[in-house]
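Below you'll find a set of structures to go through.
Below are two complexes that have subunit A in common, paired first with subunit B and then with subunit C.
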Partner chain A sequence: MPESLALLLSVAVFPGGVFALGLGLALKGVDRRLAARLQRRVGPPLMQPFFDLVKLTRKRTMIPDVACRAVFLGAPLAGVVAMLLAAALLPVPGLYEPSPALGDLLVLFYLLAVPAVVLMLAGSASGSPFGAIGFSREMMLMLAYEIPIVLVIVAVGLKTGIGRGEGMTLSLTEIVRYQRAHGAFLLDPAMWPALLAFLAFFPANLGIVPFDIAEAETEVLEGPLLEYSGPALGLFKMMSAAKAVVVLGLGICLFFPSGPDGLPGLAVHALKMLALMAVGVSVLRVSAGRMRIDQAFGFFLKWPLALAVAGVAAAVLA
Partner chain B sequence: MSTFTIPVGPLHVALEEPMYFKVEVEGETVRNVEITAGHVHRGVEYLTTKRTIFQNITLTERICSLCSNSHPEAYCMAIEQIAGIAVSERAESLRVMASEIKRIASHLFNVAILAHLVGFDTLFMQVMETREIVQDLKETLFGNRMDIGANCIGGVRFDLDSKGLSYLAAQLLRLEPQLDEIVRHYRTNTSILRRTRGVGVLDRAAAVDCAVVGPVARASGIAYDVRTKAPYSAYDKLDVPVHTLEDGDVWSRALVRLAEAKTAIDVLRQCAAHLPEGPTGPRERPDVPAGQAIAKCEAPRGELIYYVRTDGSRCPERVKWRVPSFMNWDALRVMLADAKVADISLIVSSIDPCISCTER
Partner chain C sequence: MNLISRISARSPWLYRINAGSCNGCDVELATTACIPRYDVERLGCKYCGSPRHADIVLITGPLTVRVKDKVLRLYGEIPDPKVTVAVGICPISGGVFRGSYAVCAPIDQYIPIDVNVPGCPPRPQAILEGVAMAIEIWKERL
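What follows is the complex of A and B.
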């Protein structure tokens, strides 16, 4: 198979594309059901996110008169493409290693910022004042959580690099290989500060309670998403589903890529995502209330930042 | 930084009823608020003069669902004054019981909404589940979950036998520990505390200036409660403590409501323990002569005043009421000054605004 075709398949089918979307929507379904059960509700069917998406594709997209049409429609599309690309950049431990031609951890890091940027663009392009507030909130939150996540990536890169007797590595493939040979970072106490910082980062990146500040329904009516409907809203749903797969997958690659080879490895990978989703998303979001943006900003510049700095120090020294 | 205007309402997910706040914000901070009302004006006051005195009991009950017992209660008290009807002791106690049951449900509803507004939906579900005990109680005793139709002129339309009383006691026994748990959550949960302490503060002086009533006044340190200041029905025979807090913030208002729900359980038990024997209401419809009267009662949201004037005909000549939310929503200007955008809905909901009462 020529390499260009393999690249295309990795972005469009597996592990990006169809696979990432399907997995993301399935995870979302489990999350909604689990959260409902934790709140003593019955909850929707597990397939509900798929039904929602199908319903949205059959509706009309309303575009506000004051909206900037190109950006309004282009933003969600860019978000989905970025996330599918990012999913193809992530190794599936034991089954798939991304081609170096696609990029390394740095590229992935920038792609991870795209959904937030896209939401900001969408919010300001929609011409709604709530979108504008969502814009400023999303930006503040992003500024707050980006620094810790960079440091977490640096900590893991340094740890791997030092372990292999060279400088920092930015190749996720190498990081996964190293851990599969020498034991997962999850079991190494020196990496725990970085792990904790990551655990604080991903709810903010996924935009769930207590960090669903930019899209808070009871405050700014879902902010940037307020004016969206139909297929364009469906694209945002696809983006957030794929983003869940990317962010959870990144966490697994950075800290716990152990498992069997081949297809069983894929099953174990998906199970790990499910576990992380259940504990890190469902349980978290039913057990807390929303923070105000200033509180969240202060929180990220305190705990996760300190933990991430400690993580880098521990990775170098230990 | 320049300011821009955001519309909160008239239709807004965080407002249960239509009200329009034109909020000028500078970044995340509120600079000016304009309150526009009148979206659910239905002309009920006019309508009362087109219905007979007895039909109006049903009509006033439908002004608002959460205070649906207080409106007919005050209306009936006013008519009874005009007609000089004495209500039996048993009926008075039963009236107190109906209004206290409604009070628990109303307060729990508002406190639940607070949890929903800070994004803590689990607590919202828990409080609503607890409220369901009270809803079951209403449905069993009165046959309806919201509009309980308890009052008539000269008494009440329901009676409690030993079966009803034992069901009431059992439900209160179920309710009490759950309510205690809810109070504990609101006192200690970080998610609640960090969003509600020091938010939407109305200090005592401002509260006096705005003449706020009900839990809003009591959370600002004003111990004003119609049930103790001007006891009506059986309240003069009951021990009703008035709960006040000094901070005047969103949290204090929620805590006062929870404390009052706890007290309501106690009041219900006092009533049930000493329920006098006697008739519950008059056998026949009394004649209502020409005259005028004012009656007031403590609705869940505060002091509710009814003025009724009759001319001896079948219909009242004028019915006018002043609802607690009318007094309280002016204080929103004070509470919303320099608030954060994130807190607007929280502050508005903390006065428990009843738009349909106020705009009728």
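What follows is the complex of A and C.
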């Protein structure tokens, strides 16, 4: 198979594209069902996110008179494409290693910032005051959580690099290979501060309670998504589903890529995502209330930042 | 009816409009019908904050003169196909406010109503049944 075709397949079918979307929507379904069960409800069917997506294709897309049409419709498309590309950049431990032509951890880090930027663009292009509030909240939150996650990536990169007797490694493939050979960072106490910082980062990046401040439906009526309807809203749903796969997958690659080779490895990978989703998203979501933006801003510049700095220090010294 | 319509009908998102209601029906909608015991989410429903996301519109209140224009404008913002449910006796006939100079009830003079759920306020079971009937009607329109 020629290289270009393999690249295209990895972005469009596996592990990006169809696979990432399907897995992301299935994870969302499990999350909704689990959250319902934790509240002693019956909850929606497991396939509910798929039903929602099909439904949205049948609705009319309405564009506000004051909106900037090109940005309003282009933003969600850019978000989905960025997330599918990011999913193709992530290794599936034991089964798939991304081609160096796609990029390394730095590219992935930039792609991870795209959904937040897209939400800001969408919010401001819609011309709605609620969108503008969502815009400013999303931006504050992003400024707060970007610094800890950079430091977490640096800590893991340094740890791997030093272990291999060189400087810092920014290749996720190398990080996964190193851990599969020398044991996962999850079991290394020196990496726990960085792990904790990551665990604080991912609910904020996924925009769930207690950090769903930008899209708070009871305060700012879903903020940037307020004016979206029909297929355009469906694109946002697809973006957030693929983003869940990317962020959870990143966590697994950085800290716990152990598991069998081949197809069983894929199953183990998906199970780990499911476990992380259940504990880190569903349980957190039903047991916490929403923070105010200033509280969240202060929180990220205090604890996750301190933990991430400690993580870098521990990775260098230990 | 094709497969896509059948699947789509399993994801009706609810939107509440308060057309000058006394809040009795809103309490039934917001808390009673949503609490674990009644759980509308098992029908695939979700309360949404934005009229643009709505499929099934739940209207409470007798449509007072002061909110009439706003309600009609809001109704226009909801993308088709949509189904309207009148919750409580007020939107149906005006209820205790019937004949008042301050209300425009019945509401179906201005907005096409598909399902009536009478009561003052209606029981949660009645609201859920109304939503289920609205889903059946919505299925035809998809």
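The working rule: the second predicted complex is superposed on the first by the 318 of 318 C-alpha atoms of A that agree within 3 Å, B and C clash if a C-alpha of one lies under 4 Å from a C-alpha of the other, contacts with A are read in each partner's own complex, and residues count from 1 in each chain.
Basically, contacts are C-beta pairs under 8 Å (C-beta built on N, C-alpha and C of every residue); 3 or more make two chains touch, one makes a residue touch a chain.
Computed from a predicted model, the values in this text were never measured in an experiment.
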Worksheet item: First (subunit B), second (subunit C), both or neither: which does A:G289 touch?
Response: first
Worksheet entry | First (subunit B), second (subunit C), both or neither touched by A:L221 | both
Discussion item. One more residue to check, A:D31. First (subunit B), second (subunit C), both or neither?
Written reply: neither
Worksheet item: Given the touch rule stated above, what does A:S229 touch, subunit B (first), subunit C (second), both, or neither?
Response: second
Discussion item. After the superposition on A, what does A:P129 contact: first (subunit B), second (subunit C), both or neither?
Written reply: first
Worksheet item: Given the touch rule stated above, what does A:E138 touch, subunit B (first), subunit C (second), both, or neither?
Response: neither
Worksheet item: Where does A:D52 make contact in the superposed view: on subunit B (first), on subunit C (second), on both, or on neither?
Response: second
Practice prompt. Would you sort A:V209 into first (subunit B), second (subunit C), both or neither based on which partner it touches?
Written response: first
Discussion item. Tell me the contact category for A:R40 with respect to subunit B and subunit C: first, second, both or neither.
Written reply: both
Worksheet item: In the superposed view, which residues of subunit A touch subunit B and also subunit C?
Response: 39-41, 217-218, 221
Item to complete: Would you pull the subunit A residues touching subunit B in the complex into a rising list?
Response: 38-41, 129-130, 132-133, 136-137, 209-210, 212-213, 216-221, 286-295
Discussion item. Residue numbers of subunit A touching subunit C in their complex, please.
Written reply: 32, 36, 39-45, 48, 50-52, 54-55, 57-62, 217-218, 221-222, 225-230, 233
Response to the item:
Listed in rising order, subunit C residues that touch subunit A in their complex are 4-5, 7-12, 36, 39, 41-42, 44, 48-50, 52-53, 55, 77, 79-81, 142
Worksheet item: Which part of subunit B faces subunit A closely enough to touch in the complex?
Response: 4-7, 12-14, 25, 27-28, 115-123, 125-126, 129, 189, 191-192, 194-195, 340-345
